[in-house]
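Right after this note come the structures.
The following pair of complexes shares a single chain, subunit A, combined with subunit B in the former and subunit C in the latter.
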Partner chain A sequence: MAQSIQAAIADLYSIADIPQPTVKQSVILLSELIGGYNLTCTEIVGLTSEAASNFLLRRGAILEPITDADKEPLAGYIYVNKTSGHIFVERSDFLVRRRFSVAHELGHYVLHFLPLIASGVFVDEYELVEITEALAPSSPEEDADDLPLGQVRISQQTECLPPLPPYEQMEREANEFAAELLMPVKVIRKLVTHYAADCPGDDLIWRLSSEMLVSRAAMRWRLRELHALPTLAAH
Partner chain B sequence: MGLEFLRNNGAHRMRDDAQRPLLLDNDNERDEEPEEQNNLAYEQPAEDWHPIDVDSVAVSDDWDFCPRRFIDGKDLGRTVAWLQTEDGYPIPVRLSEIGAVVMWNNTGCLRREWYTVERVVSMIVDPFPWDEVESFAAALQEKGFRLLQCQKPRRGLTYDFQEMRKATQNRSLDEMMRLEKQALVHASATPVLVDGRLESRAGGFDELNTPVVGMIKGHYRDYLHDQGWRTYYRLRVGQRTPAFFLKQKNIEVVSWYLRMGGTQSDLPNWGVVRLEIPATFFEQKLGKDWSYINRLSRVICEYRCKDTSYLRASVSLYPIQRGEECLGALFTGADTIVQRFYNLTHL
Partner chain C sequence: MDKQQPTREQRLMREKALLTYMDAFERGDFDTMSIVLQQAEQDPELSDLIWNVLAAYQAEEEEERRESDVVLVRQLLRQLLPSGWETIPYVEDIPPLTVSDVIARMQVDEAVRGSVKQELNTVVQQLRQSTVPLPTNLGLHGIRALFTQLGLRVSKQLQKLFSETALFLTAGREQGMAHLAATRRQREQSRLHEDRQEKQEEEQS
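Up next, the complex of A and B:
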């Protein structure tokens, strides 16, 4: 189901018509990349799927409340139908966390939902198709060493469709997408080469997270994943 | 949005950046070390404390542990603008040039061995929409500035502008100290003196093998017992207090006070610095060799800045003063950079 993450991100840049990031321009313009699709992004204080549903109802984006919407606190949420998508993030989260949540939801949209919709399986123009993904809240500490986990739901009407990948796989892919999008391997490798010798201990993580406007936790995870974490920084 | 972020969020220029007292100064943010983990009787028991003369200590020119490299950092900046969150909290914007330098005393010839200089903009960003801040950070990056995200004050956002400004200033100072750590990495193979505490530079050097010494000019904490203070005030030029042990968050150090200068007409504590060396190095590498502390103190007195026109001469070392001058010369200059920032951001 999912296309390669690298290819999906290359498509994003192509569609949004913006240049790829470089070492000197390493803050990824996520909002511009989203702009390439029919996607909106909204920040809500006290985000729940019910709050997102109410927001969309008030805006007239949907006519009925989202199926299974509830009051469970969330860090991120995406609602997708055949023509558009809406990403929500918890406003009171750290800014860097909000960016990661948006990138995570965008990952689901690009890797899992868009291919499903584009496959042409929804032949009836008026058939109601709703796909949502609810991203659980993360630790309140910016430095918390965890990655978000979510839960994909597809409306009743689509259950006869070819199955999406297992939920765990989709979550892992969305996190990998977010990490690669916000911290591209090519840029990371060059920045590590540039700073690793000079930045002892956790300073490398501090430095790179500041250069790329991401959380230290996300950067630590990324460097570990790429085996680019110098020994001292692992402590 | 990009560089328009500040203007679009109603930012105002700030011209007067004089320090003002906190509106609500009821918060002690300093991290105090637990006193019971410090050991003032490290070199001498309290009742035996008395000034120790280091002026007559002989130190050969080729002493292995004589500091040859000197590290200084500089944060030259000010609050240039302020804006408000949706809830009306004031958010200061600080623009700084920060840098660090390694000065090398190569057989009497002092030269700049390594340096780094950066332009940074520090502010609390969490109250603002992520996409606007992202765009602002990217646009700043394109123009050679780095956005430093500041943590909120400990009690959260506050209407006390000075407290918010302190949080912003702390962030750029913290980044400057990280540059000093980079400098330490370049200098740590040889005996090195850092202008400031070792605590904030821990990780930048090998605690066991590096003969590193931190020199602290300001005295913000009360480490001493009564006899310690009596000894402190009896110090004459070229005398030190007995050494004591301090357990800090990131490092354990051996510390002592040294009077480098000062005359009868100055404040009684003027001319006294506090020195720190890693306890691991002192205990495991040197086996608590007290003569090391005496010799080091003597050498530091020798390095004292002799330029009487320099305001802080009696608590400064000549190589550090030179380092500061070198960095100053590498900086663009506050007025120029502030004007450039206003032009870029259309403030």
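Up next, the complex of A and C:
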């Protein structure tokens, strides 16, 4: 069962033993947060599930290609087994997009996959478990309003899997996790107050997205979600 | 020469120009690329930024080519040397991974290059024979703690590569054990089936 996003992020900082972000330190150090878990993060040019599978084969992390791996272009991908997870992102994406993809996959890992593995449902010690999630490329338009969507696959054939949330809900939760992780509500509200007077309209989106190293699309989505956009219009 | 630090605005302008160039590069928009390059002619720092990103692209393309070769060799080995799979050890008999296993893998890993390779060579003497089992936490934080426990001070980069290599090895071991267990189960079932058939035939005769 997925825990609350706020609680999961608090756990993340606690496990990584680093302070939560502030207005002065608003860029989230993803590698430090990932370092608290058995996770790797790799950038690949021309990312597909097949390219990720080939990489893991080459590094000896898997002995057989990942089931259903294909040549569909992806922005992010995660392969999880019982002991570790491996995140991949499209290297040629802009840095801000790569950061969002990593945060999205990290969200799936801590909210959905890790609790599933920890639930003890996979009773056979030597049973092979493979969970993957493929994140489709975002819209090529920088200012597109849609957040990326992915697809979860669990290769395990156990019939007594606990009820995971529906896939659409898992995707929404992973996006909400990524948004809260990269653009924490407390920091956003303070920055909006700080910059709103000097940065009218879209300038504020530019300013905040630069301060927090996220895309303008993600920042616009976040401000709308936090109902901070009407405040912008007033300026 | 006294080199002035770029102002925040200059830095943002350069980042914006770089993003515009990379975006145009991906779309094959030569007109926009040309405009940014003209700007870069007047701005050596912007020029450096663009060249660094392009060099990273080129390096990654070479890496991709090597990957496909390794996958092919692995598949051929599995096809041509199936005898290696005839003897099935017990999963419980497979020893846990140790620090020395990770060090050995890192020594032959092409991803370990440059200064990290040199640093690795200096710690190899101390860790090559280490039978210290790998900890459960193989993330960056767990590996930092492991090196502290081993009494070694190494760079963050080496810790990161050690962590990655340990995680890849552990994942491979987990999958290997699952395969072994499945194969052994299958063999035992077919043996039981054969035994039962033999008994039935004996009873009938």
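As a convention for this text, the second predicted complex is superposed on the first by the 225 of 235 C-alpha atoms of A that agree within 3 Å, B and C clash if a C-alpha of one lies under 4 Å from a C-alpha of the other, contacts with A are read in each partner's own complex, and residues count from 1 in each chain.
FYI, a residue touches a chain if its C-beta (ideal position, glycine included) is under 8 Å from a C-beta of that chain, and two chains touch if they have at least 3 such contacts.
All values derive from a computational prediction rather than experimental measurement.
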Clash-or-fit label for the pair subunit B, subunit C on subunit A: clash
Looking at the overlay, does A:Phe94 come into contact with subunit B only (first), subunit C only (second), both, or neither? both
Between subunit B and subunit C, pick out the one touching the greater number of residues of subunit A. C
Taking the superposition as given, does A:Ser210 touch the first partner, subunit B, the second, subunit C, both, or neither? both
Using the touch definition from the top, say if A:Ser119 reaches subunit B (first), subunit C (second), both or neither. neither
Which of the two partners, first being subunit B and second being subunit C, lies in contact with A:Asp202: first, second, both, or neither? first
Of the two partner chains, subunit B (first) and subunit C (second), which one does A:Gln6 touch, if any: first, second, both, or neither? neither
Who does A:Gln169 touch here: subunit B (first), subunit C (second), both, or neither? neither
After superposition on the shared chain, which partner residues are touched by A:Val102: those of subunit B (first), subunit C (second), both, or neither? first
With the two structures laid over each other on chain A, which partner does A:Asp17 touch: subunit B (first), subunit C (second), both, or neither? second
Between subunit B and subunit C, whom does A:His86 touch in the aligned arrangement: first, second, both, or neither? second
Hey, which part of subunit B ends up inside subunit C in the overlay, 4-12, 94-102, 238-246 or 274-282? 94-102
On subunit A, which stretch or stretches are contacted by subunit B in one complex as well as by subunit C in the other? 31, 43, 94, 142, 210
Name, in rising order, each residue of subunit C that touches subunit A in their complex. 12, 15, 19, 22-23, 26-27, 56-57, 60-61, 64, 67-68, 70-71, 74, 91, 105, 137-142, 163-165, 167-172, 174-182
Within the complex, which stretch of subunit B touches subunit A? 125-126, 128-131, 133-135, 137-138, 141-142, 146-149, 151, 175, 178, 181-182, 184-186, 203-204
Touching residues of subunit A toward subunit C in the complex: what are they? 15-17, 31-32, 34-40, 43-46, 51, 54-65, 81-84, 86, 91-92, 94, 124, 126-128, 140, 142, 210
Seen from subunit A, its contact residues with subunit B in the complex are 24-31, 41, 43, 89, 94-96, 98-99, 102, 142, 197-203, 206-207, 210-211, 213, 232
